[in-house]
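Dropping the structure in here first, questions after.
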Amino acid sequence: MDRVYKKIELVGISSKSFEDAVTHAIEKASKTLHGLAWFEVVEQHGRIADGKIAEFQAVIRVAFKLDD
Amino acid sequence: MDRVYKKIELVGISSKSFEDAVTHAIEKASKTLHGLAWFEVVEQHGRIADGKIAEFQAVIRVAFKLDD
Amino acid sequence: MDRVYKKIELVGISSKSFEDAVTHAIEKASKTLHGLAWFEVVEQHGRIADGKIAEFQAVIRVAFKLDD
Amino acid sequence: MDRVYKKIELVGISSKSFEDAVTHAIEKASKTLHGLAWFEVVEQHGRIADGKIAEFQAVIRVAFKLDD
Amino acid sequence: MDRVYKKIELVGISSKSFEDAVTHAIEKASKTLHGLAWFEVVEQHGRIADGKIAEFQAVIRVAFKLDD
Amino acid sequence: MDRVYKKIELVGISSKSFEDAVTHAIEKASKTLHGLAWFEVVEQHGRIADGKIAEFQAVIRVAFKLDD
Amino acid sequence: MDRVYKKIELVGISSKSFEDAVTHAIEKASKTLHGLAWFEVVEQHGRIADGKIAEFQAVIRVAFKLDD
Amino acid sequence: MDRVYKKIELVGISSKSFEDAVTHAIEKASKTLHGLAWFEVVEQHGRIADGKIAEFQAVIRVAFKLDD
Amino acid sequence: MDRVYKKIELVGISSKSFEDAVTHAIEKASKTLHGLAWFEVVEQHGRIADGKIAEFQAVIRVAFKLDD
Amino acid sequence: MDRVYKKIELVGISSKSFEDAVTHAIEKASKTLHGLAWFEVVEQHGRIADGKIAEFQAVIRVAFKLDD
Amino acid sequence: MDRVYKKIELVGISSKSFEDAVTHAIEKASKTLHGLAWFEVVEQHGRIADGKIAEFQAVIRVAFKLDD
Amino acid sequence: MDRVYKKIELVGISSKSFEDAVTHAIEKASKTLHGLAWFEVVEQHGRIADGKIAEFQAVIRVAFKLDD
């Protein structure tokens, strides 16, 4: 039953919303890593251009199981 | 005018979004407690399955007024 | 290339969602400040009335470039 | 000698002072709980009206012994 | 699938070890609450008497599922 | 109902007490700003002279409503 | 002009108020240390007995100048 | 003498104890990385089943030297 | 002797060093504000281009005395 | 009843376990200080050698009563 | 426009200065990673030998763009 | 191999730079303490006079080995 997970920190960037930024980062991670298990939102910020939100930036930690 | 509030910590879980998870937890609390006054988002995390977000988990604190 | 930004702290309040609260605060800031460059979400909380979320409150920091 | 305490979070509100707000919350708790043992001040804030402090708000944690 | 957990804060005290203090608090909670799901260690401290550790004190948060 | 508040950070200094320092800072702010709504105590420190407290220094954040 | 201060951590305990607890700790320090320059309030908690505050406990850091 | 270390974040899970969880994660890391130099405990939590601790989970950061 | 300071948050950016970034921000502030009294370094980060540090960014808080 | 405690910060190092490291530091302190009253665990880290834990390092704060 | 960055944590060590330690870590990272975009200073500490600073240690996070 | 370190908190003040302030504090400590082993930068702030940095103030913790 004992097992080990590794957590990596990603910054997802989306022009739509914070949840899209989170989703985007997890999709990216799932292309090269299998066994993704959970994520944690660490920070939420963004870029402004012409007085409007141009980018939503979500810093997340993603955990995945290391092979036995 | 003096009064006292109590804060409790809840974890709402939703398959849709963080705001749905927050809403879900507050609805649950409102079934047994009256006088809910405000909430604070403490943490946002979630579960991943098959490389996609399977659950949005929102840890919140909810405050309600204690009866005089 | 050297330059200086100033960060101010705003609390946006919306009846719709946290992202609407953030957007609302940035629009307000852009009416009197030019050169808005980025924002950071500091806190997310809200008011409850009749057991439902009545207000989404987003505390953000907004940075803008100071004129040379 | 082994024993267990529970901590709850309260917000005392007073028109007089922070210490009155703390006292107020502890008195309230002592009406329904016995075995109160200690408290911790977590936050101090307040409401302003007409340019003056209208309310002192003290967020505290109060610990009480669970019966054996 | 949507569900809500509540987290409570306990202080377990043991004369043996921190893990015994944690275990002690969880056993206490399980006597009156069902559906305990996870715990988090928040602080570790203790009392000293005659130059030796007399008590191990573990502050934990325990989460349990609220009934549907 | 949507609205925006701005928070500024002040350091009130008093020879009497922390609450006098807080009051002092809010009075100062109310001379040039209208719509002051709430304050938060961020830090409490002070200066010592001749082995006695010479100054109470309270760092607070004060929020006020921006005009529509 | 260069100089060095040392900061020590004290816990003042008073049956009257937090400010009395702070004052008490600084007076104690000033009996054995000269050159006390400033203090910072780190935590505020207390002991409860019979449903009332029995002790105000203020954790402070006190800085004093080291001799040249 | 100049050198660079990299820190990674792991979550060790054990059915026995927190220290076993830490050990487990370090052993896992040492299978694919050489030059492990130190570790830091970041969080301690666990899963509860049937009112008992079913899993000890230790979040640690492990540092290892990058080759010159 | 009672007085009030205001603290503002600035981000100084320099191609040379962190201390140059701090200096730069303070010089900028001193052009429009008098009575600058102290500063605090809050964050240090920077931009990288072509594998080298292109910008040093220092987030600081600067305090200045409000007129009596 | 009023009294003052001083807190000092120690790092205990043991080849056996974190609790041994804590015990070791308290024993050391008790050789030169009397009136030790409580301790708080601040950090837990350690040294790794040959892929195994070589040292458990516990940073603790220890409080002792100052003489009246 | 959507994209994802990864952040890794490095500890640069230099006998000269903190900025040299930061530079050293970024140079190391740029040898195996392309697309380095920004860095954040997380901690600054060092080793002392014979009463003098023998090593400056800078813990930084470095972000780089993941390929599309 | 078991041993104990003590950490003390110092504030070094220099008219030149933060690193000079750190160096200054460590030199001071090394005059009365032997076995200094490492230091940690806790805060960086300073005094401003006439719109320029008049003092760099570095708060550090210094650890030294206690005799066996």
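Every chain is named by a letter (A, B, C, D, E, F, G, H, I, J, K and L) in the order it is written, and numbering of its residues begins at 1.
Going forward, a residue touches a chain if its C-beta (ideal position, glycine included) is under 8 Å from a C-beta of that chain, and two chains touch if they have at least 3 such contacts.
Since the model is a prediction, treat every value here as computed from it, not as a measurement.
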Intersection of contact partners for chain A and chain D: B
Reference chain E; chain at largest CA-centroid distance: I
Centroid spacing, where centroids are CA-atom means, of chain G and chain J in whole angstrom: 22
Chain E and chain G: spacing of chain centres that average the CA atoms, whole Å: 31
Centroid spacing, where centroids are CA-atom means, of chain G and chain K in whole angstrom: 38
Interchain centroid distance [CA atoms averaged], chain B/chain C, Å: 22
Residue numbers of chain C (touch at least two other chains): 8, 29
Which chain pairs touch, all of them: A-B, A-C, A-H, A-K, B-C, B-D, B-E, C-F, C-I, D-E, D-F, D-G, E-H, E-J, F-G, F-I, G-J, G-L, H-J, H-K, I-K, I-L, J-L, K-L
Footprint of chain B on chain C - complex, ascending: 17-18, 43-48, 51-53
Contact footprint of chain B on chain A as seen in their complex: 19, 22-23, 26-27, 30, 34, 36-41, 62
Residues of chain A that touch chain K when the two form their complex: 8-15, 20-21, 24-25, 28-29, 55, 59
Chain G contact footprint on chain J (complex, rising order): 1-8, 61, 63, 66
